[in-house]
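Note that chain A is present in both complexes that follow, paired respectively with chain B and with chain C.
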Partner chain A sequence: MKNRLRVLRAERAWSQADLAEHLGVSRQTVNAIEVEKYDPSLPLAFKIARLFSLPIEDVFHDDDASVTRAAE
Partner chain B sequence: MMTPKLAARRYTTACTMTMSVYVALIVGVPTWIRMLDVEGPALYALAVLPSLPLIYAIYVIGRFLQEMDEYEQTIQIRRMLDGLAATLAVCSAWEFLEVFADAPRLNLFLVYPMFCVFWGLSCIFIRTAK
Partner chain C sequence: MTIAPDTRTLSAPRRRQWKTWHRGLLASLLAGGVYGFTSELGVEILKTPFSIIMVAAVVVIFAMIVSVIWMREIDELAREAHYVAWFWGGSTGLAILLFLMLAAPALPAFVDFTVVERAVAPFAGEGVSFFAGVMTSIIVLTLCYGAWWIFFWLRKR
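This part shows the complex of A and B:
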């Protein structure tokens, strides 16, 4: 899953440690999410989106287009 | 709120204290058994004492796992599972060596440290949650 975490963090001039403190996770976790080695759980993804006051899909997006809306 | 740093500090402190109690009991229990000259259930109760800190250490590890954030928890659980798998594999294979090939008896004392060694080794290979 792709994400804009590094960009959003840079816009606020936060270090990874700053962001980690806001989220209550370790700096390693923030780094793993940023380099897309780890997809966060849904609660953590929502927490990140809330922190940046953005809808979750503006922070995370999935490249997999194989599943389309049921209505389509 | 329990931050990752606080959790790590609490874990280290608890491990140090638990291992100190363990060493004290390992030294003390044989002496007490000789001095008190106990038998039966009292002897069993005294003899099992050194295992209590080890059991508590398992609880401490479990508590630390719960206090980690989700990413570190995933990595540690994967590492522990690998350590457990290697320990089970060695113990199972060794049992057959004992039965069919007269290999020396594997002391059960070695199982816990063996798990810790394999768990430690898995840290070299498992660096991410994927």
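This part shows the complex of A and C:
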């Protein structure tokens, strides 16, 4: 799962520790998400999106395009 | 002198973990103190089989309560580390223990088990062989758990 967390954080001049404090997680968790070694749970992903006032798909995007929408 | 970091610089989950850690440590020290104090007064708490079983049960229940609180307080990545360590560490540990059990008849040719039994005898009383076996299981499982937990964190860095 790709994400723009590092960019969004940098835009606000937040450190990883600042973001971790906002999200109620550890700095290690923020780092693991940023370097894309860990995919957050849905609740945490929504929390991140809400924090940046963005739709979740503007923060996270799947690089797997093998599944297309059923309506198409 | 304290080994505790300045908790004001810690994130919210880390602060909660330190609190749980300190309370657990304090309760353990308190229990140890009570045991030492009563021993000095000549009251032997661990005298009868029933009292030994009761104390063992209290220790295990206390450890489980602290573990549950700990698991609820850590964040999801830290919890994931424990899930991974539990599954893979447990599986690896059980595989090693299965091997040791199957190979047990041949092992005395390579290992002097009497050394182990002599080492644990002061803690085990008459159940020394059983104690040594259970202790071996706990050590192997704990080592495997720890190894997988470290491996998980190294991979997520």
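Before moving on, here are some points about what is shown:
In this section, the second predicted complex is superposed on the first by the 72 of 72 C-alpha atoms of A that agree within 3 Å, B and C clash if a C-alpha of one lies under 4 Å from a C-alpha of the other, contacts with A are read in each partner's own complex, and residues count from 1 in each chain.
Convention: contacts are C-beta pairs under 8 Å (C-beta built on N, C-alpha and C of every residue); 3 or more make two chains touch, one makes a residue touch a chain.
Bear in mind that the values here come from a model prediction, so they are computed numbers and not experimental data.
Partners chain B and chain C, brought together by superposition on chain A, clash.
When the two structures are aligned on the shared chain, A:W14 is found in touch with neither chain B nor chain C. Legend: residue contacts after superposition of the two complexes on their common chain; A:S26 is shown touching both chain B and chain C.
Comparing chain C and chain B on the residues of chain A they touch gives the larger count to C. Once the two complexes are overlaid on the shared chain, A:F52 sits clear of chain B and of chain C alike.
Within the superposed three-chain model, A:S41 lies in touch with chain B and with chain C [touch as defined at top].
Overlaid on A, the two complexes show chain B and chain C touching the same residues of chain A, namely 21, 24-26, 28-29, 32, 37-38, 40-41, 44. In the complex of the two chains, the chain A residues touching chain C come out as 17, 20-21, 24-29, 31-32, 35, 37-38, 40-41, 44. Partner chain B is touched in their complex by these residues of chain A: 21, 24-26, 28-29, 32-33, 37-38, 40-41, 44. Chain B meets chain A in the complex at residues 1, 3-4, 68-72, 74, 128-130. The touching residues of chain C, when paired with chain A in their complex, are 11-14, 75-78, 80, 153, 155-157.
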